[in-house]
């Protein structure tokens, strides 16, 4: 439980710290799976947050929203605190399949330079969102409309799929889903990711030449040690 | 429980009333989410009915089918009563993942001028269906074949995702899913939808200029009234 | 789409017609599965509505609620129109896991002679509800609290698991789940159910003596006709 | 794909081999989790097959059924080939939530000395089944009735949750679910299980005295080797 | 992302701060739903964490575990740091249905005075666990065994169902599920909960006398303001 | 339970028998749904194994893998035994959402002439896999990384969605999913599939001309026999 919304108060935190912009921009083209592996197989927001488009690869600073299900008033409150380079991350206090976000909100976010949306409920107007080139990762797609009747919070710690997202953490997302990197870990994560990319590049050439992971990683002895029997 | 199948009889109702054709045609390009909002956030058939294609936008009159799971005989019975401009809506008496519909049935429906299929079970031959340009919204895709061994009904009230669909109701479907509009509400729904479209168009320009929903909708005072704290 | 909430208006219908009280009372001890079979395998509200207790068998007249998810104001509105012998049936406009109902609302319903609750979202205070002897069938159990911020309707047609429930229909529920019987079909359903009970009683004695359904129902020839091979 | 139903024929295999009766009987009180561990963490039919009762512990020889979903004719065909000490295992060719089995079929199975049912679809009459003392493990409970319109097979290899069940394999089931033991492995499985029980008994006393698994299993060094940091 | 496992290191934190013991003990009999409401409808760990027993009501200090799926070595590591009055909270880095916990581990925890287990994967030996009186809330029940091959962490922040649990937070659990209260909020939560209990007690008497929530909460005017029509 | 891993041993079977290559190649363009129907509506691996691409149609010989969840060491072991024309089929001993396979492993498989992957867990690097033209059918897409810490088996019988896959069986996959054909049934399956294709071609022309299945299949009399009422 965070101090920010201690004693049940709803808050909108206007100012958050963000990671270094050049680091964030450098993380974008690396890919979510590689970043996830490089930082110790952490931060993946799970297989149920899917892109509505193919081919988008983004990184940005998390502005977080915690909403009542079926209510999108706090998304409006969050837009005001977004800055260029941010990614909006919307969660709900209980599971929701409401279409909380559509082309008008996307227009508003694009006008502020926001790079994409991570939605732990649903979006709608997906045909328009794709046409606008505004990238979205979402649990559901749904027409179901929302109200503006119950308060929530902006820029408090939230959680998706067992992973904690603090405001200002770095969001990396592509066709495989969404990975969160701790704000203060971003530079370290970039270095680790670049090392991994280089290592994968070298291995790719070997695999393409027909070499086996069994030999490259020394797995054959491991299997024999475990008593795995090789039968012809 | 409907009067039509009272006392457990299975029926095929050949003649149904339909909404005005020009109204139906005018609803197609508006989009399911807008229609849903315009009529009071009603009629959405839920996030689990997904299109197998992208970009299709249709509206048509519902011809409804209630089948035994794993049995597609009643789809054949329904085709005979379809007319140009209809949309076939298939449900089952219990949850089913059977591929009840494929390219042959689509050929038959296209020959009768049917505009699309809403399937609360599964379809197959999806590659062919996309190639044929026959739009489908379905809960599942599955090869699993069916039998023709148990009766059902055609043109009785059915229900998907807690929404009731009467024969002759108007089906509106696009990339966001499927919305049903009551037959007698169709003209009113069209008017409401057009009003909403115009309203959205005006707002879109404001949002693109950087104006905030928080101000446009007067939400800032609402949040303060509720005691939401704005923290810098 | 119902006429009652045409054009998007929310309504509370105070007076509904109910089935004959003696018929309803006679349906209670028959059991949901038997009633479902007797009326033509119809009206079952699906395997996801589960009792929170064991051994309860009830029948009563449906008072229906259609709520915004995460909001229980319409349950309060419904209580006023409940009469002794009713069963409250609560649905939401989109899927919800909120604990919309607890021991205080049960106290209120028991004070009005209501026989039980069918909840297509969640209940809480289950330990107390069991102690109070107030029977509940529900999709989920959840602590998650609700607000009173968005209107809905009372005594409009609703739908659960693809089955339509009109106000005044008869709800039959036991350990196997919930079955709805059309109000005007109730007397016919009772007769059919009694016939089935008698038939089952006769068969039970035969089965207990070791006779086979294969012979009793003449299924052996059917299997041979279909080409099923019996192999020793 | 089995030879038995090669080329798409449906078969009822009347005679199957079974494991030694004394071995089977000795496996019953050991418990499914222990047997599963003892044979190398194999054979568990997954967390979705749940008992409808508490406290039952059985073992028996599998008589297998492969049915069309929503059709229970092959259960009737299977009863004839059941012998005392058997456990009926029912699967369907596609996912099903139908209540394929109730108190009449249980009466018939009890008359033949069958020890229980494993159902990969649904059962009904659960209140009666508990009262009769006939143990059932099932994926769903549902009133939904079935037809007798489509053939299937009896005593062919079937599969649940990725585990293969051959006719005559030993089924062990308790509150934790269902485990299958290969017919020819049964004696070996019993010996292994008894060894494990003895080993667990010894450990239980140590744990009750406050000793730690970290020390008993030598895990502390493993953690340190992996670089896990212990922080005060 | 927590500082504690920054840069991907696995840690076992031996010493954590806990809330005041008398406060924790006083929270236990209040009930999870009431505590959740009292602190502002926060902290509920969702409807999928279910008790394996009925009637248990506990409160205790969270000792948290983050494990690799299918691996229970870190539970052993956690036991050493548990103290009387704690509740063990086990999560996995990805969704898991493994039976990570059984009667031996429960024996070990009981020997250390631990009050219960919250498991975001599965437990087994449920019959024994109930007999031992060790209360468990779990996502699944499963026989499936685990290995001890991959490190994890103890006493790092974890998350279940979108709620963050820090080591030393207070866990309240009963038949309705599990609620987490921030360690530093515990005394405030107890006061709020007692106020709510008193308030509910007063209302219960009114409801039992037939008074309506519609009147008690002034909801009738709210509905009329919203335009809800009351129809006779 | 297979003999191959009797008594809990893990095995890697290097040599398997395969079906005739020309038969396999001829099955590829027929389509999974047609093959499934032609062989008696068998072998479909269910609606949850979905392609990550559109338009791929393949057939090949199954090389099977049984892995510990969250561990991909046995995929490396399997690659060594793959031959041109094979399809790798990966299963886990319990449900898993781990991304066990990515572009490096695909590079390795393509170097050996493997035609595709059927994954009963998750893959990652989907953008690269599509770009490489390596076809994949998978239950999930996930970044979540795996370890190499626990043994499994290669080329043992495995099972997905209740269907058994023996090493060397023929895998047919397209946009509708995956169908398995028994190795020794392959030639028979091809003949049956070709007959069905010819039959469908003839029917397609009739349907396109507006003829009804109701007449073509003689279903009208069947419906009347069952007592279905046709109402105008």
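Lettered A, B, C, D, E and F in written order, each chain numbered from 1.
One rule holds in what follows: a contact is a pair of C-beta atoms (placed from the backbone, for glycine too) under 8 Å apart; a residue touches a chain by one contact, two chains touch by 3 or more.
From a predicted model like this one, the values you see are computed outputs, not experimental measurements.
Peer 1: Please identify each chain that touches chain C as well as chain F.
Peer 2: A, B, D, E
Peer 1: Mind checking chain B against chain D and telling me if their interface is mostly the same residue numbers on each side, over half, or mostly different?
Peer 2: Result for this pair: same.
Peer 1: Please work out the Cα centroid separation of chain B and chain E, and write it as a whole number of Å.
Peer 2: Here the centre of chain E sits 41 Å away from the centre of chain B.
Peer 1: Express in whole angstrom the distance between the two chain centres, defined as the mean CA positions of chain C and chain E.
Peer 2: The computed centroid separation for chain C versus chain E comes out at 31 Å.
Peer 1: Rounded to a whole Å, what is the gap between the Cα centroids of chain B and chain C?
Peer 2: So the centroids are 27 Å from each other.
Peer 1: Note the residues in chain A that touch 2 or more other chains, in rising order.
Peer 2: If we look for residues of chain A contacting two or more partner chains, we find 9, 41, 44, 46, 93-95, 97, 142, 144.
Peer 1: Touching pairs of chains, which are they?
Peer 2: Touch list across chains, by label: A-B, A-C, A-E, A-F, B-C, B-D, B-F, C-D, C-E, D-E, D-F, E-F.
Peer 1: Give every residue of chain F touching chain B within the complex, in rising order.
Peer 2: 31-33, 36-37, 41, 44, 46-47, 50, 54-55, 57, 174-177, 179, 200, 203-204, 207-214, 217, 219, 222-223, 226-232
Peer 1: If you look only at chain A, which of its residues touch chain C in the complex?
Peer 2: It comes out as residues 68-71, 93-98, 142, 144, 147, 149-150.
Peer 1: For the complex, give me every residue of chain E touching chain D.
Peer 2: Residues of chain E touching chain D: 9-15, 73, 76-77, 79-80, 97, 99, 102-105, 107-108, 110-112, 122, 124-127, 130, 140-145, 148, 151, 153.
Peer 1: Please name which positions on chain E make contact with chain A in the complex.
Peer 2: 1-3, 5-9, 39-44, 46, 91-95, 120, 157-160, 162-164, 166, 169, 180-182, 184-185, 188
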